[in-house]
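Take a look at this one; I'll ask things after.
The letters A, B, C and D name the chains in turn, as written, and every chain counts its residues from 1.
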């Protein structure tokens, strides 16, 4: 007898061994700790760039909103409940945009690409949420001479450096937004060039279990380093497109400590 | 102006930076070397197990064929053209099965799970082919005292050991088969517990550019080590299901060197 | 013209490129931050063992003092000044002993072996201080279900697990001691089996720049896993000797956060 | 009872657990395989530089011999007997020199610095032989578009790139030499700035168990990338000194496959 999928349970490839444990589905008896998990150090820097260039990297149905400001964020997470206390790092790249669908309308952060240094959340995030996640090696965060320093690479090629200097205490930012927008896309098999799935998804802005513990702002700097295909054979096109965006003006940086957060069970598809 | 997808080009998340380079789509000017790429050391071991237990890990439409023999294979690859000469390792777990769909029928190897030690082919394989790939750390292959030794783990927990001893020269095996069968599955977003995509895919058996350079057979041994959720929080269910399969009888092992192979552009969906 | 060694500067192999930067010698213009560097999470557990067995691992001139209690400590360090803000982890194994030399006498912790997950401090520590440092992979520290969990391995073989459970706040321990004792030893070249250097060295106990920020105690557990030569070909003898020590009684564990510390410039040779 | 050192056995820190297994001392019952271990891929490139600059990196008693040609070699080794079949990579930097001591005289390769990607042979080599070994991450060797490509880095900073292009078959080189010369140096403890040990050691040229299986030569290229202290806080001085050497003329490169070799038991001290 072959197996049956259990109702209302999340599965991922391989599906043959039962429902898949992950951020949105813990094993029986394991209790999520949304108020404390994860612990997070977030380091961000922004820059104003060219609107026309940026627009070329927006999918159909999206438009820029406000200044064309790219923000790059490193989120160093520890104490993650669904990893039994382990951690990993996310790097987010996004900018303000709005989506106007046939039914739904939302404005917020367009999440253009995410790099992570652990394959497990790459798999869960791509499949369950539509996070555009790729893999990168991320150096441990460090602060030296008053500057917070971040970098990411792949097989010895460091393609991203970010730093925030001259840190000073700051208030929590208030940025009204509907949330974070992304495009969940799965290519078709065999019928090459067509998609099997393509849908806009939204993470609503509310995250009531997240607590900011401290926040500093400072002078941010971001540098993407142009790569050849031989340097980054699966993603030189991503890095080079970002490296091509001119830094017209730096728009500040921040260093923030926080804890807690939601498991994105409120993620939804917009049409 | 937002971007348009180019026709007949393969895209993957993030789609916003153009068609995605990968095994099935090299950048302009890069020529695949199918006769020589990759170089591959393949180490395999098989065991007879309990049919009823094995059947529980077959999806709907599938049935066991012949003896319930599980085969675990480590493929250490180098000189991969689409990675500009780099390498990585795949671990395949499969057994003989047949699929009877409403239209299509095929018998061959059911590929139950794949582990790889590089995230990039995990992403391309899951998305484009339907390979049920997960991440594992894989130790470099080694031979000691006449035994070829393989192992795989995750964050310090070694969950798989395989060895092949008493090696002697052997002929190329002839195993008539329609190819390799798998289930491409993507969970839905928001509508938790439903799938966004679920389809059987087949890699046809023919691989004319692959050349076996040498082959030995020997005494094979496979051991999956049972894990707690805290050891392997995203895949203990996979490893434990495999660890639960009794080794009724060892069914031999092999060590093979080969070169070349196809990029799976012949992968197709069965219905 | 060949080079000359500069007076009063520390050199290490290779000496040909000038004095060597390191924990005890920063480049011109770099100021050590002894009050804040490093940040340290220390996790320790102790057990009572067999005195006769333990004594076999004391060098000439040493004797056990008090109960034969082995303590294993993981020190996860970040923000290290001499690494420009980077971090690494030390694992210490020691027990109480005294040294009676021809001139010098001291009682304190005998540091039997140290594992670290970074080669650079292994080199500086062995050469400059006489630290008996070896290499190990150390998983990031994690706390799960109220238990602090630590582990160390080498090429996929996890040889040490330590945990501290049931944590509760505690006072700073007062353990009068002359400091930490070790044996600096360098084998001779060519004249195999003779030493080129063998001397007892002492780290005096005082460390005025170190501040304990918080301290908890709890139920400690230590397990060394016996290894074959094929598992740990350069150090199975170390791990197996420690695995052989019976755990007669657990003697507690601790989790401590601290900052600052000295660079061991007060290290001295005892005779 | 404290332990006694066994006669004619090699010890390394920590000495407290018995004689130390390693390249020159296998456990009882383990037989070295000098004719086949290791398997080695060696990639080398040379360049003519400025004699006066090079001389500044020769210790007392040494002088340049012939053209001031620096050679950088990557040795990717697998199947190492003393590591039970595992492997690692060495990077050698050297140039021709002679040593004239009070008694001994020898001419050959001066081994200025070695990087390795495994701590264990760094420890054995520094202590037992006097190899000036440091740690580096080394990417797996790869060949792309007819070029063999090598690189080395440390915590994300790639400091060395080497390539050999336009490969063609070649004969084994004949370079009469007394062997490889190096300086074994151990700093003193406490008495900072003085050495505890400083001696010239020689690896005699003969290596009768080593067999070259194939050899190609081609166009070699070497590039050291200048580092700040914050990039390489324990060895920027080494990398920067090498980066400063002008490449006056490329002097060719080679790619060689070999097997077997000696364990350096013939290493000797020159005076």
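As a convention for this text, a residue touches a chain if its C-beta (ideal position, glycine included) is under 8 Å from a C-beta of that chain, and two chains touch if they have at least 3 such contacts.
Values in this document were obtained by computation on a predicted structure and should not be read as measured data.
K.L.:
By mean C-alpha position, what chain is farthest away from subunit C?
P.N.:
Farthest from subunit C by mean C-alpha position: B.
K.L.:
Matching residue numbers in more than half of the contact pairs is the bar here; say which of A-B, A-D or A-C clears it relative to B-C.
P.N.:
A-D
K.L.:
If you average the CA atoms of subunit A and of subunit D, how many Å lie between those two points?
P.N.:
43
K.L.:
What whole-Å value do you get for the distance between subunit B and subunit D if each is reduced to the mean of its CA atoms?
P.N.:
Taking the mean C-alpha position of each chain, the two centres sit 39 Å apart.
K.L.:
With chain centres taken as the means of their Cα atoms, state the distance from subunit C to subunit D in Å.
P.N.:
Chain centres of subunit C and subunit D, defined by C-alpha means, are spaced 28 Å apart.
K.L.:
Using the touch definition from the top, which residues of subunit C touch two or more other chains?
P.N.:
Within subunit C, the residues that touch at least two other chains are 84, 86, 144, 155, 230.
K.L.:
Given which chains touch which, is the overall layout a line, a ring, a star, complete, or other?
P.N.:
It is complete, because no pair of chains fails to touch.
K.L.:
If you look only at subunit A, which of its residues touch subunit C in the complex?
P.N.:
78-79, 84-87, 140, 142-144, 149
K.L.:
Can you name the residues of subunit B that touch subunit A in the complex?
P.N.:
Spelled out, the residues of subunit B in touch with subunit A are 1-5, 7-22, 24, 27, 30, 55-63, 82-84, 86, 112-113, 118-120, 122-124, 126-135, 155, 183-187, 189-193, 195-197, 199, 201, 229-230, 233-238, 241-242, 265, 267-269.
K.L.:
Within their complex, state which residues of subunit A touch subunit D.
P.N.:
Against subunit D, the touching part of subunit A is residues 137, 139, 144, 151, 153, 155-158, 230.
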